[in-house]
Every structure is written in C-alpha cells, then in structure tokens.
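Once you scroll down, you'll see the structures, which are given as structure tokens.
Consider the two complexes below, in which chain A is the common component and chain B and chain C are the respective partners.
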Partner chain A sequence: MPTSWRWKTAERIRPEGQTRPSARPSMPETAMYRQKYIFLLPGLLVLVAVILFPLIFTIRVSFSSWDVYNPGLNNAGGAMYARLWDDSRYWEALWRLSLLSLSTVLIQYVLGFALALLVWRDIAARRFLRVLFLVPMMTTPVVMSVIWRMIFHESLGPLNPILEALGIGAQPWLSQATHAFAAVMIVEIWQWTPFMFLLLLAGLLSLPSEPFLAARVDGAGPVRTFMSVTFPMMGAISVGAILIRAIEASKIMETVYVLTSGGPGTATETVSYYIYIRGMRDFQIGYAAALSLTYLVIMAVALTLIAKALIRLMVREARA
Partner chain B sequence: MNTTTALKRALYASVAFGLATGMATAEDYSQYGIKADVPGMCSFEAIDAKDYTGRTLNIITHAIPVIGEPTALHARQFQELTGATVNVVHVPFGDLFQRIMIPFQTGQAAYDVLFYGSLWLGDFNPYLAEVPAAYQEVAGMKEVTETYRGIAGWQGQMLQYTMDGDRHYLKYRSDVFSNPEMQALFREKTGRELTVPATWEDYNEVASVFTNMDWDDDGAPNFGTAEVTKRDDLMFSAFISRVAPYAKHPDVKGGFFFDLETMTPLVNTPGWVHGLELFVAAQAAMPPGGTSFGLGDEIFSFGGGQTLMSYSWDDAFIQAMQEDSPIRNKVAAALLPGAKEVWNRKTGQWDTFDEPNRVAYVTWGWTSAVAKDSANQDMAFDYLCFFANEANTLADLQIGRFGINPYRDTHFDPAFYEMEMGWDAAVAETYTATLKGIDTAPNQVFDLRVPGVGEFMSSLAAGVARAQSGEQSPQEALDGVAAEWTAIVDRIGADRVREAYANVVALEDR
Partner chain C sequence: MRTLYLALKYLAVTLWSGFVIFPFLWMLTTSFKTANGVTGGATWLPWLQYQPSLGGWQSLFGGAGGVNIVRPYLNSLVVTLSGSAIALILGTLAAYGLSRFSFRAGPIRNGDITFFFISQRIMPPIVLAIPFFLMLRWLGLLDSLPGLILIYVALLMPIAVWVMVDFFNTIPRGLDEMAWMDGCPPVTTFLRVILPNVMPGLVVAGMFCLIFGWNDFFFAFTLTFTKTQLLPVSIVALNSSVTPWWALSAAAIVSVAPLAVLAFVVERFLSRGGLAGAVR
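Our next item is the complex of A and B:
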C-alpha cells in the first residue's frame, strides 16, 4: 500500500473536527511521557535487579575461571565453554535428563487426564478425591524424597516385603541402574501428576456443554466423545500443562540428590545435579556458570521446538 | 552470752553462710552438664571471669546434631558466662564448603569461628588465623596426640584448633567370631580358622561366608559387610581404606595419591586397581541396598546388628555400644585389614610380606578455626578453647550424636569408657588399643589436603561408582580418574599442588 494512500485513509476515518496528530508531541505531552517513564522506573529497576542482573552476572562469571584456587572474575575467554564441549559426563546427563523428563511428563499427562476425567463426572466422594489427589503436590519435594528413599530402602523399606508378599520378589531399587532410574521416575510421577490433574480438571470444568450434548444426540459413545470432542477441545490447555511441567521437569534436582545422589555409577545423574556437584561441591564457579548457561540455551531451544510441535499436533489439528 | 554477742555471732554466721553459698554457686558449673570443671586457661571459671558484653561472635558450623549440636550448646554456655552475643549458623554438609569459601574469597568477614572438615585446610589455609601461642600451650592442647596436632598444622603454623579426632578402623561382631558353631561353620566352608580379618581378602572371605544367613537367631537374615558405597557420601574414604595397604608400600616414600616429584597421579597403579577389584567383589556380601549405602545406612546396618563387619568412623561402633543397643558389648574394634602383596611403584613389582602391611587411615575429622579477617579473634579463640576444654570434651565424648571422637592421650584410657559409659572391659580395651594403634602406626595415610580436594575426591568417587555399577572395569574407571586428576593438576598448577601435597607427605613419611 503506497504511503500517501495509507495516510489519506487515516485522514478519512478520523472524526471530523480532529486534526492529524503531529509527529512530535507537544510540550505538555512530552512531560507526560516523562512522567510515564518515572512511574515505570521502579518496576524496571526491580526487573533488572531480579532477572537481568543475575543473568548478566552469570554470563560474566562463565567467562572467568573462578574456582577454589582462582578466586574472582578474571578473564578466561571461552575456556569454560571449550571445556564443557569435551565433558562427556555433562552430555550424558543431558541425554538422561531428556529421557527422564519427557517420559515422566508424558505419564503424568496420561494419569492426570485420567484422574481429572474421573472426578469431572458426578461420582461419589468427588470433592474428597479432588483434595486427595492434590496432596502429593503440596508436600515438600526434599521431604518426600527422604520418605521415598525409606520406602525404596532394600533392607528396611516396606516396598520389598510387599512385593515379596505379592510374589513379585524384592527389587534392587537403588542399587541397580535401571531400577534406580525407575525409582526416580516413580517419585517424580507421584509428586507431579496432581499438578497435571489440577490444570486438566480446570480445563475440563471450563468446557462448554453444547458439543457434548450434540455428541450425545448424534449417538456418540464415551470413547468417541472423548476422541472427537473432549480431547480436541482440551488441546490448548494440554499444551500449556505439558510445557509447564516440562520446564519444571528439566530442572529435576531434589529427588536425585536425596534418592540416589546420581548413582549407581552415574545412572541417575541429571544436568542440574551435575551442575550442583561442579558448582557447590567442587567449587568450580566459572565452569558451573558455563554449564548452566549452555543448559539454559539448550532447554530454551528444545522447549520452543516441543511447544511448536505440540501446538501443531494438538491445537491446530483440533481446529482443523 | 549477752544480746550483742549473740547478734554478732548471728551476723558472722550469716556472712559466712552467704560467702560459702556464693562461692559454691560460682564454682559449681555442673548445671552445664559437666561432671566437674577442670582448672585452666579455658575452664568454666576462667571464661566466667571474662566480660564480652556488647560484642558479637559469629559462628558457622554443620547442621545439628553432628558438631552442630555441641557448637550451639557451648555457644549458649559461652554467651551466659561472658555476656557476649553468639550467633550460630547451621549449614547442611553439602553447602558448608561454599558457605565458608565464598565470604573468604570476596573479602567478607562473615564468620569469626568456623567448623568444617579438616581435609579442607588445603583450600582454607590462606584465610585462617594462626592459633596464638598461649592457646597452643594450654594443658588440653598439650594432650592432643602428635597425629592430630599434625593435622592442625600447615607450613609450620597451627591454623586449626583441634576439637575432634577421626580415623577409619574395623568393627566386628565379637560374639559371632567367638561362637564355636560359627567357627566350625567357617572351618567347614573355607578350611581355615575364623579369625579377625588380617587382609582385605580375608575380610571378603569372612563376609561372604556369613552373608544372607541368620547368625544371630532373630529371624531376619544377616549379612557380611556394611560399607559406605554411595557416591558423594564420603564413599571415597571407604575406598581409600581398602586401597591403602595395597598401594602404600611401607618402604616407598614420597606420596600415596601422587608421586610428589612428578605429580603424576598414582590412582590407576596396580595397588589401587586391586583394591577397587576387592571393593567391587565385596558387594556380593552386602545387605540388600548395600551398594548404595550412605554413612547413615552403614551406621544403622552395623550398629543395628544387621551386619557382621564394617569399617569407617566411630559412629557405627558408638551406635552399637549405646545403652539401648541389642548388640551392646557384643562388638569389638581392630585395625583396618592389611595386604600381604603390596605394589612397589619404585620397582614396578608386587612385594610379598609375611605380616600384612597395615595402613592406618587418618581421615577427615571435624576441626575448627578462626578467620584471619575476624575482628574478634581474642573472643573467637576463647570460645574454641572453651569448647574444647577438658570438662566439655569429656562430656561431649559420651554423646555419640555429637560426633566428637578421641584425640587426646587421656581419651585412650579404657577406664574412662568402663567407668563413665559402662562398656565391658574387653570392648573398651579393643577400642582404645585400636585408636592408639592408629595414632602410633608406622604406616599412615592422610587425606589429600590440597587446593581443590573436593574436585579430586568427587572425580575419584565418580570413577569408583562406575566400577561398582559395572559401567566400567576397575582399571578403566581408575584410568579415567587419573586422566581427570592430571587435568585438574594442570589447571591448578603442578607446583601449587605439589607445595600443598608436600605437607601431607611430610605427615605420612615422618
């Protein structure tokens, strides 16, 4: 559209008696703009202090070799980033984390959806069940991990005797790689399925009733109704819930710290735990900062791609 | 007797009574949980005479109860006696190092008094104040054994105020070892007599025979060995206990972790690898979950009567000897097992010994120090001296959860444990003889007290954990550790690490 024509169009839709606003604001308007910035300043300062400063400081630290024997912010260039490139333990932890977080979030979604569907309908003790399902989420992760560690304890915990009574046999929950990984998954799923449940139940309760009435009139059964009405209409909220949980799951730390300390071997070591070891235990502050920032970038990219894929899969297809 | 005389007598009597009562009150410190005050520069009476009103002492220590509880207890007492305000910050173990180090590096005088693991001296030494000569001369400090005085020192200066003594030793169920039925069973299965393990091969054999059987007739299965195997939970100390006799040749000086001359890591030499092979093999005789036991699990397993043998610090032994313990007076202590084949890194061969090479591992130990930047060094050293005075120490030694273990000559008297703690004479005798034996052992190993010790030990624990889980063979795992150690040394600077490590080697080779 030519600029002159666009301008005339703007003139044409302006109510009569009003003149075209000048390109520069008049003096009182300038003062008003200034005042606006003054009002915004406290919020901006808080934003800079709370979000930007730590981020900028972390970036600066990642270009130093600050550790126990080189204190302070020297200039190490990209040495820390070059070092992490060859750090196989870091990349293994990243792969392990991806597997852990994607699998647990998927299971949490399925279970959370099932539970939400269960209490969405008019069933006995619906209110009680809604509160009960939220209890795991309300407990402190570290405390619950300690309790789960006792449950999984192979000599003293109650789980193995129960499994033996059921004829399944005692399992090496924390001393074998696959079992320990499964143990971490179980705790994560137990703790965070209620979060999925809460969001998905809220979504279900907000759905309009007309499509369900129409489906019933058309003679659709429960499965058909779920596949063609409920699930498509829950697409947007499902994507939101999955993404929020994926972001949280990508930071898993407490459960690993308490339950397995990353072991046996490195079987359950996640990125967050590895960064904790490097930063807090080994006091390699510069290297831990580089690890953290790299992890942040990888996660931001990965979660963006996941979000786009999920939107395409669950939202756009539903609309189509 | 006239009225005046009677009144005078009454007055004198009341004054005398008042004085006597006052004196008795001033000298009676039993309200603080001690048996009796012991006169000296840091006694209750001496500290009571000081006035620190209006001054504040900041202390950082471990979480309650281990060390954290006595720190807080003696801080309250110090506050009451001197009028000072004493703030105690309790920090979980995993955060303690960085909570101390960051203020040091950033020049903040955040804490006056610090309680921490003695092996961190290699990192903390530039920031610590030397213990003044007057405090080094107090009777309690004079009684500290040579080994623990050595741990407190750095480059000829005493930087740490000794208030604990730690070491690894073997603990075993004496009732099982002396049981004729168990002796017969062992003879039948192995063809030899059941004796307290003299080598780690013996240890593994005894453990394997007595595992997964109910040898205490309580209806639950028992197991052979409980060891600290959980990565990042002081497992490295357990591993070093197992490795030391194979890798620390009594006639080869100049380093156990590194060759001091070249600063080449020795962690992947045959002695270390063999020790790791035996550590991995022992997993078969551990209780369910024993391959991921932290220190707490190990204490509970042996102290609770589940396992026949264990080795680590005093805690499991003290737990077993508590008054309500089902195995009280059924345990005994001994030196760590040794090795008859010892790797000689100078000749590159295994040397054979008729008598096992026993290596005493003096590991960890809580310690305390005063920050060099502290503006309250006088008060801080008074607090530490008070903390570790004779009366407090004897009371603290009797409370297992405090984590304070023997470190003075007087602490090795078996009569103390018999009289004060009610131990059987035989138990007290093996306990004190073992501790004394470690202290005077000709072949000792100390922790790697160099800058970056956390990184070195973290790398070691990760490598050992890979071998334990079967991810790598012992040789592969330790080759990986050696490569990481080489990289760490290169990063810090070989000369810098060597200078620090020379302090450790000096202790070992004295």
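Our next item is the complex of A and C:
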C-alpha cells in the first residue's frame, strides 16, 4: 500500500463549487456495484429511525393539546400555533437569542481570527500557545458554566475583587439583566472562540505562500498584506466557520440553564430554554412541539439567509 | 515601530492566555479549599491565604458533602466510547458509499442524502428532546445506557459522515477500481485498500465524536433520571443554592482533564496541515 496517498489528504485542492460528491462521475455498473447498499443503508436507517420518524411524529403532536391533564394524541387543530402567535415570551426569547448568538459569533470571529493570525507564524512558543488556545472547546460547557458561576459570584467569586483592584468596581453579575446577559456572552466567547480559532488557523495554514511572497516583493506592510491578500483568500473559510458557529449558537441553552436559569426574570431566556420549560418542566408536550417546530423553521430560514448574505459579501471569486 | 508592534502582539497573547487559564486556575485552587476557605472571600494561594485540604477530592469517592462520581464517570465513558465507535463505523461506511457510488430514489440523489446526514447538526437539541423522550419511553429504554447510546449514535453520526465524505473524496477512485479489477470485492477493497489511506480522517472524526459525546449534557439530562447518571449531570446536580465549591471544582477537574489532553492531538494535526480538509 503506497503511503504517499496519505499526503493527498494534507494538500487537498478541491475545484470551486464541487462540494457535493454527486458532481463526480460515478463508477461503471458491475455486479459488485450492487453491494453499495451495504455501505449506505445501516447508517441511513439508524438516522431515519432515530431522527426522521420522531420528527414527523412531533409534527403530529404539535396539532394536539397533549399535556399533564390530557395526555395522548387528540385533535386540537392549529390551537397550539394560535397560542404561540400570541405568546410574547416566546418572541422575546427569539429576539434575545438572535441578539445573543449574532453578537457572540461576531466577537468570536474577530477574536478567533486575531488569535489565529497571532500564532500563525513568527511567534515564540507558538505550538504551546496553539494548544492552550484550543483547550476551552474541549471542556464540557455545563461543567465550565458551573465554574463560571462561582467566578461571577458577587461576594465570594474572584472576579469582583479583581475589578475592584482595577478601579472598575464590583458588578452585580448575575442579578442584573444586562450584566447577566454579558456574563452569558463572556462564557460563550470563552468556550467557543477556540472553535473559530481552530477553523481559521487550519485555513491560514493551508494558504499557498506565493501571494505573500509577491506582497513582500511589492513592499506591502502587514496591514496592506492582510487587507488585500490574507483576508480575501480566507473568504470562503470565514463563511464556513461563521456558519458552523451560528448554527451552534442558535441552540444556546446549557450555559443559560446553569449560569442564570434564564434569569433574572426572563432576561437571559433563550428559545431553547423556554421550550424546555414548557415541554420538559410543565410537560405541555403539544405546545412545546408547536414551539420547537416553529423555532426549527425560523432558524433554518434565518441561517439560509445569513449564509446567502455572507457568501455574497465575503466570497468574491466563487461567482466569477 | 517594530518594537511597538511586537509588544502589542505579546500583550494580546498574554491577555488571552490569562483569560483562558483563569477558570482552570480558579477550579484548581478551589478544589483544595474547605467551607472556611470559601466563605472568607476569594483567595488564590494555599497555606498563605487558606488552609488546603483534600476534602473536596475525597468526596468524589463518596466522602461527606459531595457526590460519588465513580459510577457516573464509568457511565459517561461507556456511553461516549461506544456511541462514538458505532457512529464512526456507520458514518464511515455511509460516507464511503456516498463518495464512491451513486444512489438515487426518485428525485433524491447522493448530494441530498449527504445533506440529510449533515443537516442533522442544525437541529436544536430541544426539538429532538421531546420525541426522543417519547420514543425511548415507548421502547422501554428511558434512563438506561443502551437508550443513551442509541441517541448518541444518531447525534454523532452526522459529524463522522461530514468529515469522512471529504476525506474519501480526496482518495482517487482509480485505487478502488484497480482493486476491483483484481477481483477484490467492495467490502474488502474498502477495508484493506481505502481505509488505511483515510486514517487521519478517522482520527479527526473520532476526536470530534468524542468531544461532542463526552460534553453533551442536555440529552443525558432529559433522558435519564436516577438509575443511569452521566458525569455532567451529576456535576450540575451539585450546583444548588448551597454548593460545595470544593467538591464541585474537584469533580470539574477530573471531568474536563481527559479531553483537554485531546488539544495536543488536535494541535499536531493542525500544525501538520491534516485538518485543512476538515475545515471545508
């Protein structure tokens, strides 16, 4: 077995637009070719059984008024969707989630890109720093949120003494609405900037070196090189990284659950957490099903629009 | 100018490193405290500022004021390892099939099937929680390890497919065809000829499965109650109004330590360029 093939994975060059395997020519039909189902079917069947059927079932449940008093499937028509339409707590949670996820992802992108640039090339101990910067994404979010809850503790936590020493003064981290929101953002940024950093650094390391040589020959400084060489070449990778993070951020709930339980009041309640309260705590299964399907559709549409906008904005050469 | 640039660079790196390390230092020092060491306000240095004790660490094995995490730890290991392994096997097979053969069912083609696999990652956990709950109750698998493993397989498989389809696409098809000409059946070709070439992909996909499996809290939380507890659930259970900070910190350290080591593996791949494929 020639081991040289392995290096193909390191220097993969894929033609533009060829993201789907179906775009490739298929193999000739042979007798053995019929064995293809051995590969695909086990995984596909598991996924259909475990995810697709339950999801279809959820659609049916959303048209029932299944709750503690009235368990089981009945026919409630669109009652749950009508109730949802007037549920201002749901729409506020949706608005809050958009604000939270878009702002954290944007900050993560800027910080992640900056960090990736910092440890990309000439810097001392860069491999150590890369490891260090990656560590937070490996840690369990809820467990770290528990630790952060101690850190934000207003009288016993270590953060307020530091802020006092810096002359900023103690902050009511988890008891004031804006502060609690900021606390959730800080934890999300700590946890997931490394993921952005990982994707962007992998992208930077895969860039060809010729354009940078050319820029140096032309006498371009670091800012100019970044604006006209690095950033344009990182367009597609940036869009991918932002989208992956936006998808993950649209699900935020564990941090909120541990750190603030949605409070104070409903100041940090995200959609997922609100549905959790309705479905798993109040056991209003029918209503929670309607809420989650609406949420899923809104998220899918919003993320598609964001993807389109980002590709338009940041990937120039792809549509040449 | 050059010195200023360098100074700013190292300042930024130092600041971010401090931010990253801060919670880890805090949980390390807190794990050696007692109730007295905590209520006195925020302290960092053992012996100088507070009298260290091993109470928090002892409580992990059933000592007073904590929770015995040995059983949840083993449960988490079993669920994560078996869930990841099965997801990796099924996902790799499916990815190979999708990369090498063409499937069609009505208007559905390979691209749509691949998209179906990957799009599962878009699904918010809460959307799936209720149907999963009802399904596992129907199967009698609520609050059990097999039930959780089944759910984790479905959750982790999309990651494996996503990474592996890309890796398989970089292996020239001529390689498969050559093996077929020599009379090697597809399954053997896959195992003997193709698989050894995508080992880096398997490591990357396996790593992501481990990270997302080990770090999941939500499904472990909603689909189990008392009989089968996973590690994150039992740690969060400690987080009440009168939290034993020392026990919590010790538990947090043993919970995040094994995966933190994975950062070294990821970095090795990153610096050798092995992750370039997983990015797209």
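Note that the second predicted complex is superposed on the first by the 271 of 320 C-alpha atoms of A that agree within 3 Å, B and C clash if a C-alpha of one lies under 4 Å from a C-alpha of the other, contacts with A are read in each partner's own complex, and residues count from 1 in each chain.
Throughout what follows, a residue touches a chain if its C-beta (ideal position, glycine included) is under 8 Å from a C-beta of that chain, and two chains touch if they have at least 3 such contacts.
Being a predicted model, the structure only gives us computed values, none of them experimental.
More residues of chain A lie in touch with C than with the remaining chain of the pair chain B and chain C. Applying the stated contact rule after C-alpha superposition, one finds that A:Ser155 touches each of chain B and chain C. Once the two complexes are overlaid on the shared chain, A:Lys251 sits against chain C while remaining clear of chain B.
In the superposed model, A:Pro211 makes contact with neither chain B nor chain C. Residue contacts after overlaying the shared chain place A:Ala202 against chain C, while chain B stays out of touching range. Shared-chain residue A:Met280: touches chain B and chain C both.
Legend: residue contacts after superposition of the two complexes on their common chain; A:Asp67 is shown touching chain B, with no touch to chain C. Within the superposed three-chain model, A:Leu296 lies in touch with chain C and out of touch with chain B [touch as defined at top]. Shared contact residues of chain A with chain B and chain C: 155-156, 160, 279-280. On the chain A side of its complex with chain B, the touching residues are 65, 67-69, 71-72, 89, 153-156, 160, 170, 172-177, 180, 260-267, 277, 279-284. Within the complex formed with chain A, the residues of chain B that make contact are 94-95, 97-98, 101, 105-106, 123, 230-233, 287-292, 294, 297, 300-301, 306, 451-452, 454-455, 458, 462, 465-466, 468-471, 491-493, 496. Listed in rising order, the residues of chain A touching chain C in the complex are 1, 5-6, 8-12, 14, 19-24, 26-27, 30, 32-33, 35-40, 42-44, 46-47, 50-51, 53-55, 57-58, 61, 111, 114-115, 118-119, 123, 127, 129-144, 146-151, 155-158, 160-161, 190, 198-199, 201-203, 205-206, 222, 236-237, 240-241, 247, 250-251, 253-254, 258, 271-272, 275-276, 279-280, 285, 288-289, 292-293, 295-296, 299-300, 303.
The part of chain C that touches chain A in the complex is made up of residues 5, 9, 12-13, 16-17, 19-24, 26-27, 30, 38-39, 41-42, 44, 90-91, 93-94, 96-103, 109-111, 113-117, 120-135, 150-151, 153-154, 157-158, 161, 165-167, 169-173, 175-177, 180, 185-187, 190, 193, 196-201, 211, 214-215, 217-218, 222, 231-232, 235-236, 238-239, 243, 245, 248-249, 251-252, 255-256, 259-260, 262-264, 266-267, 270-280.
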